[in-house]
Amino acid sequence: MKHALPGSPLTLALLLISCGEEEKQAESHGGGSHRPVIAAVSYPLAYFAERLSSDFATVLYEVPTDQDPAFWEPGDEQIAAIQKADLILLNGATYAKWVSTRTLPGETTVVTSSSFRDRLMETEGTLKHTHKEGEEAHSHDGLAFTTWLDFKQASAQASEIALALGERFPERKSTVMTRLDALLEDLNNLDTGMATATSGLGNAPVIVSHPVYQYWARAYSIVAPSLLWEPDMELTPGDMAALARIREEAPGATLFIWEDDPLPQNIEKLKRIGLTSVVISPCGNRPESGDFLSVMRANIAALQALSN
Amino acid sequence: MNPGGIAFLSWKHLSHRPMRSLTLVTAIALTLFFPRALQVFISESEDVLQERARSTPLLVGPKGSSIDLTLNSLYFTPQQLPPLTYAAYEKLSRQRFGTTIPMHSRFRAEDAPVIGTSLAYFELRELMVDSGRMITRLGDCVIGAQLSARKNLKAGDTITSSPENVFDLAGVYPLRMRITGVLAPNHTADDDAVFVDLKTTWIIEGLAHGHQDLTDPGTSGAPRESGEKVVRANASVIEFNEITDGNITSFHFHGDPGTYPLSSAILVPRDQKQRALALAAYQDKDATAQMVIPLSAVTDLADTLFATQRLALAAFRLLGVAALGLASLVFLLSFRLREREMLTYAKIGAGRILIGTLKAVEVTIVVISAMILARVAVSLTRSLATDLLSRFLN
Amino acid sequence: MLRVEEIEFQYPQSDYRLRIDRFVCQAAQATAIVGPSGCGKTTFLNLAAGILHPSRGAVSVDGVEISSLGDAMGATFRLARIGLIFQEFELVEHLAVRDNILLPVHLGLRSQRAAIEAEAKRLAEHTGIAGYWRMHPRNLSHGERQRVAICRALSTKPSLVLADEPTGNLDPLNKRKVLDVMINTARERGQCLVVATHDVELLDAFDAVVQFEELNQFRETATP
């Protein structure tokens, strides 16, 4: 056709120029030769980072699925890889114990809970000790660290990550902020869902198997005394005695929360004494299936089922 | 006249009395060497000091002598300065003027300074790991190239911090540190230093430690007070003086980290505006910390050195005149003693000019030898100036 | 040939005066000048060598009036044409025997080095000091040092050889030997040899013997 592409040479030239520009931008911000690396100390932070940056960055999260990220000890090579990351996302609240004994670059480190550092909770009932007479007794355990179980706090952490990404990769800022909006909406929905689910529990205390639900309990105004039980441990008479003491301190509890699926016999034992077991996974590590959102939705659903 | 013969006769006489000739040559050489060496040393030192200072934009430290602070932070010279608190450092970081780098330089491993800092220090100084790898945890260290060569240390070896006072058993105690790497040389004080994570220096300081698990009934000396969630340990609980994979999780810090001490902090402002803001922030007379421009402090020091140099040069010149006068006297006396020899030459057939030339050549040989010796010594001084400066500062 | 014509000489601040009307020594002639110590023989030899200058008169060597030459020219002439053997030998202590003998080369006769060195070795063989080539004077006996001085004076094949008591410290055998070398060399080379000596046993070897006290017209004040 005679007039098929009247300006085609010019168009072609413009196309070529703009491709060149994109390539340059991609190269200058690592798209060409270096893909940015974002290291995270916990799965929730890794999930947030993936939601915000997976199209241009690689999220480095190497905690084995069978280990608790809070107590995982990385090897020298893993630390070396983390040191080289463009951003290192820390939870704060003394979450990853290894952080205090390892060397990380300050300039690329982001403490995602810094916006609510004044609202962090100390763990209670921990064994304190002194080294010599006159010294103040102290505990090694420090602060409650599962901050993301309060979804408002999780939103603050996600926002902190987005801010850091925007500062570090300004050309990606608008994309990151758009994705943040979507993530915040999801977290807000989780918050609403959890509020609804927990409101159905009434004012009765809830006994938790592990001291990891402090922020969740505070967020949804639940009294949640804690034991130190693992889901796969056989409950001994001593354990049951400890449970009895807890129930005396917090009478009226009918719900027992586990981090993960407990042994059937444990469910049975608790059921016999009037406690219904429910799994609320803190999702500190990457789940075998699904993701953070699906795990939290499952938590909400589990509670919802009880209310119903 | 036979020039070769004259030179031969002169050389023969000088070599006939080697000690006397060497003494003369050395005396004249020293007269020429000292003033020049001083100038070279000060000039090279000035260059070295200024280059180091130029690469350190700003320093924050406790109030006091800015020169002491600069020398301690840049050259790790031992100084009796009060500490800067970690809270002050965090405050500086939060102000986001630029990159902040903590510095802790109180401790030594024998004669090598132990510098507690962050990874940003290595970027600032363009220090690369030549062998091994960078530090990754508490108790790790990387060492300078010169220290490695001097003490024959390499990655995989250990180095122990020195106690400050053998009687201070409850305070600073020796920590055996794992050498993970050796840095490439950069011809500065860094080549002789041991670099650790800042937190490691706090362990040396006794603000943090690792010990046996006190809740473990097997831990000796750790009685449990029943009914009370407190365990009181006594001195028989073993504290670890080396950080290993097996005990690293036991290491913990005591007290308020805000009170932990630093020697200083380096600030690399993002831009000129941030630099100006940072300087303004520390101009308050009531501030507990000071901000120093290292280049200014070093320039002040150089001015002092320059003034001292002028005095020293004047003294050297006087001494030089005296030494040359003495050397002239030695020559005169020598020629007086050799009058008979000169008379023999005259009788055999040497004119007055030839005899004068003979004497002049002898003096010239001595002077030229002295000049060559002095030149070599000055060149040596120039090449050793940096090392000499490091030893002088330490 | 050496010719001395009506020279007068007096040391400054001294009563000693010397006046010689005429003295001639022909080429290839060996002349002995005898006289007691202190009569002025050394002074005469210094005048003949051009080391001292007479206040009047002329000293000529091979037709060149050396008494009127300047310091530099006189020295150059002396170096090339006059061989001197001093009473005290006057060897340079920090030079080995070889370099003492080659002193004239070092002082200016570079172009003749090969010839002088060959002659020096020949003379050393004849005087028995060839084995001391690298030794220093302090390691030599009195007689050996004297022979070194003789070799130094003769190595340059001078026209005129002036020797002041050249055999004074030698044993009788070596005296004769050394004197024979000097006289034979003078005759072979056509040199004029003037020897100041008080050793009367050797006088028969000379072509002429002059009593210095008869030569010096101011002999009544004979102490220089």
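Letters A, B and C mark the chains as written, and numbering starts fresh at 1 in each.
FYI, a residue touches a chain if its C-beta (ideal position, glycine included) is under 8 Å from a C-beta of that chain, and two chains touch if they have at least 3 such contacts.
Keep in mind that what you see is a predicted model, and the values were worked out from it rather than measured.
Asker: Work out per-chain C-alpha centres and flag the one nearest the whole-protein C-alpha centre.
Answerer: B
Asker: Could you pull out the chain whose C-alpha mean position is farthest off from that of subunit B?
Answerer: Comparing chain centres, C lies farthest from subunit B.
Asker: Need the CA-centroid distance for the pair subunit A / subunit C, whole Å please.
Answerer: 118
Asker: Can you check how far apart subunit A and subunit B are, centre to centre, with Cα atoms defining each centre and the answer in Å?
Answerer: The answer is 48 Å.
Asker: For subunit B and subunit C, what's the span in angstrom between their mean Cα positions?
Answerer: Averaging C-alpha atoms per chain gives centres 72 Å apart.
Asker: Write out the stretch or stretches of subunit A touching subunit B in their complex.
Answerer: 73, 76, 79-80, 83, 97, 100-107, 125-133, 137-138, 140
Asker: Taking the touch rule as given, give the residues of subunit B at its contact with subunit C in the complex, in rising order.
Answerer: Within the complex, subunit B touches subunit C at residues 1-2, 4-6, 8-9, 12-13, 16-17, 340-341, 343-354.
Asker: Across the complex, what residues on subunit B touch subunit A?
Answerer: Within the complex, subunit B touches subunit A at residues 93, 99-100, 118-120, 133-138, 140, 180, 197, 199, 211, 214-215, 222, 229-235, 237, 243, 245, 248-249, 251-254.
Asker: Spell out the part of subunit C that touches subunit B in their complex, as residue ranges.
Answerer: Contact set of subunit C toward subunit B: 46, 49, 51, 71-72, 74-80, 82, 84, 86, 90, 92-95, 99, 103-110, 152.
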